[in-house]
Amino acid sequence: MFLLNTWYVAASSTEVQDKPLGRKICGERIVFFRSAEGKISALEDFCPHRGAPLSLGFQRGDHIVCGYHGLAVDCKGHAAHMTGQNTNQFPSVKSFPAVDRYGFVWVWPGEASKADESLIPVMHWYDNPEWAYGGGLYHINCNYLLMIDNLMDLTHETYVHSTSIGQSEIEEAPVKTTFDSHTVRTSRHMENVKAPPFWQNALVAQGLPADGLVDRWQVCKFSLPTHVMIDVGVAVAGKGGYEAEQKDKASSTVIDFITPEDEHSMWYFWGMARQFKADDKDLTEQIRKGQGGIFSEDLQMLEQQQRNLVHWPERRLMKLNIDAGGVHSRRIIEREIALEKETRTAKA
Amino acid sequence: MFLLNTWYVAASSTEVQDKPLGRKICGERIVFFRSAEGKISALEDFCPHRGAPLSLGFQRGDHIVCGYHGLAVDCKGHAAHMTGQNTNQFPSVKSFPAVDRYGFVWVWPGEASKADESLIPVMHWYDNPEWAYGGGLYHINCNYLLMIDNLMDLTHETYVHSTSIGQSEIEEAPVKTTFDSHTVRTSRHMENVKAPPFWQNALVAQGLPADGLVDRWQVCKFSLPTHVMIDVGVAVAGKGGYEAEQKDKASSTVIDFITPEDEHSMWYFWGMARQFKADDKDLTEQIRKGQGGIFSEDLQMLEQQQRNLVHWPERRLMKLNIDAGGVHSRRIIEREIALEKETRTAKA
Amino acid sequence: MFLLNTWYVAASSTEVQDKPLGRKICGERIVFFRSAEGKISALEDFCPHRGAPLSLGFQRGDHIVCGYHGLAVDCKGHAAHMTGQNTNQFPSVKSFPAVDRYGFVWVWPGEASKADESLIPVMHWYDNPEWAYGGGLYHINCNYLLMIDNLMDLTHETYVHSTSIGQSEIEEAPVKTTFDSHTVRTSRHMENVKAPPFWQNALVAQGLPADGLVDRWQVCKFSLPTHVMIDVGVAVAGKGGYEAEQKDKASSTVIDFITPEDEHSMWYFWGMARQFKADDKDLTEQIRKGQGGIFSEDLQMLEQQQRNLVHWPERRLMKLNIDAGGVHSRRIIEREIALEKETRTAKA
């Protein structure tokens, strides 16, 4: 079950440049392509002529051309040209609202008439000279909700990421979870602790001592449909922690866009936006590689957790205080899916 | 659905020499082996003793010997010998009519009593000193009918094979399709065009200018159950095209034997028989490699087309004029399958 | 169908040392781990918190700690500790009786209350200075009963292992099968034969002539649930064969523990215990490698036999005299499974 009338990240903008990209999103096989002026379009990945995937074709002007027999389809999914044929009566394929924004391709898999670009969340760090961003993409064979659970409870860092960002103080610090009708916020603050290796490196990059005591924070923010933004950082102890001045801390925002492929697999767009040394491209790449390595440690756990839940479908998972972030996020998603279903039923 | 009372190509003759070959044809697991005198036999690939595949065994005299416990089975599928056992009462396995002809192993997967070797189509180029032949085998994960569609509409050459045999004049030239009760013929003629790279090479090999204008033809001939022979070539422009004298043209016949493995996969025996420089073995090998490379370009398209048709089972494919060759070929196959079914039902 | 109230070999002892081991046995996903004192425990491989596999965690004292969020579970499957949580009301996971004995981890997948360590068969060769043992493990994609058939009829050595231990005299020698309510014994004796390569090496290692005539024997002994011990050897001809004095023979016992993974796959623990040159570790390793190579020859045959039996589910296998060992072993297993089922039904 997925929320459909919403924007998901389907790709990074660089994945759709000279060539079309085929990708399954929420169970829909979709081809993404770019017009001559760079506008993104998304269509069912199915040529109306003989059913070949349009993603094996190529872009020509504002059309995507099927690589099998040359039917050109426009950005609305209408057959536009085929040598020797009158395409007026050709069937169309469904088009999906799609937008290129903040370095990502966003797609709306549900009812096109409801798509509203203003609903795409604002990424204030994008094209902002005070911020730098680096990220990547993982395909994971698990239901997307398991990834939301993962990110809304960072207790797992102590265990899964013990050599980089984990430390025992994480699980020892209490979490506080708050929520409203559309968002959830789980925060954890640790005071007077040693910084773990990843943050020691960040302190050094920021020109701060690596081995002194710090105040550390993790503030996980869920928003619909499946976004999790996490403010993370360390400040020299006693300087105000999360609220410390920029010069006394190393901080960043972990960006997580979670896109269902189908019920059993997902696309994970991960990244980090930081506000220190924003013009140091080498540092951006170094952080990107480090984060990519750390986040890859979750894959085996998530995929085997998925395999276990399929094996024992009747078992209920526990809902501890540390799980509250995921539990409330799931409730919001479930409620929205139910609302969407009601609307569809009422119409029918 | 497959036509069963017919001859399919199951293997090249060289695939069944010193060792048995196991291959699934039309859903039947079959082992092919050769007697001491070289006669081909085909049996269910199942040892009556403990169910091991006979194809893991070996040939001994006129028998195939199971590689597990040594039961020898004769060419009719009867248990013939086992050390220390009286095999008289052993169950038999089904045998299939099989013939070695024209460099191929032919098998009749249906009712053995109806098998008639005279129904195997004559390959006039075989063992004919004026002709040379080279070919290969691909396993493709698609229904066999998609391959017939592919070969009966060469419009796709413009797109799938754009760097070798494709050219825009193909899709621009009208096709003409004729048919009778058992065969279909689709032809396309292009006049005063430049030869594409593959044919430039052929012109050079034939001692003709590579860069002059030529008349080009493609005549695709479908016959039951799934054979497609394609006369292709180029002649110096104005010399009569398809009808030009041998000295003014480079021409050949593409040989396509399409054998269902099951509903979702097939064996594709492809090759080329040519009438020029027939004794030039290096040229034969060069053409074979070139053709193998070109034909491999279809695999991804066919397999992803198959995947799409499974994903959208309710969708109907279009039937344009260029598709007429495939459409009529499918009608003939469907009619023959229905006839075969009626006959079986009437008997039962 | 598996017998459940019985001991199976789940792993070699060396597989469960510093880290937990996840393994599916008789359809149950199980994690094996070791306490600080080295005692083996077996639990469902499912963390009660969020369903992650405990086998991705680690051992700490007498507990296994989940590698996702740190729940510690004790050897009975009870939640024992989690930082910041009161685990008293946490659900437990099922524990399975498990014992480390004779270099193997034994598990009882059925009713724990019926588990009795004294039912584990005695391995007289273990920790006995007069004996040496070497072995290994194969995962095979076939039903476990096919492996029992394989080992209770060594006729297949003539075919599957023709270059090492096979010889035509095996299939020519009659077998004698006897059985009681819980065991089966199939024996075969060959007199005045040449030793095959494997046994020539053994004769040399034993200081006996490799190329003289020998008496050879194979005595296969099945016992519940799925164990097959095979006394094999050669003696200088006329010295008493199986009963010959140790100095006149090279002999050993093939150890086969066969453990179902599920209906279509199994774990095969193979090895050889020998009574000659027991302190020659190089010889042990040389024999182990040789046996591993020979036994790997069975894998393709067993997996393709399995594939054939799935393809032709209605076919009955033959039951020849040479198959009697497997046939009687299967009858004993089937009867015990039926008894177990009756007991469960009576209780319910």
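Just so it is clear, A, B and C label the chains in written order, and each chain counts residues from 1 on its own.
Just so we're on the same page, contacts are C-beta pairs under 8 Å (C-beta built on N, C-alpha and C of every residue); 3 or more make two chains touch, one makes a residue touch a chain.
If you're wondering where the values come from, they're calculated on a predicted model, not measured in any experiment.
**Q** Is the contact between chain A and chain B built from the same residue numbers on each copy (over half shared) or from different ones (under half shared)?
**A** different
**Q** Can you work out the rotation angle that lays chain B over chain C using Cα coordinates, in steps of 5 degrees?
**A** So the angle, rounded to a multiple of 5, is 120 degrees.
**Q** Taking each chain's centre as its mean C-alpha position, how far apart are chain A and chain B in Å?
**A** A distance of 48 Å separates the two centres.
**Q** Show the residues in chain B shared as contacts by 2 or more other chains, in ascending order.
**A** none
**Q** Which residues of chain C touch chain B in their complex?
**A** Residues of chain C touching chain B: 149, 153, 155-156, 158-160, 168, 171-172, 174, 300-301, 304-305, 307-309, 311-312, 315, 317-318, 320-323.
**Q** Tell me, which parts of chain B touch chain C in their complex?
**A** By the definition above, chain B touches chain C via 29, 45-46, 48-53, 56-57, 65-70, 83-85, 90-91.
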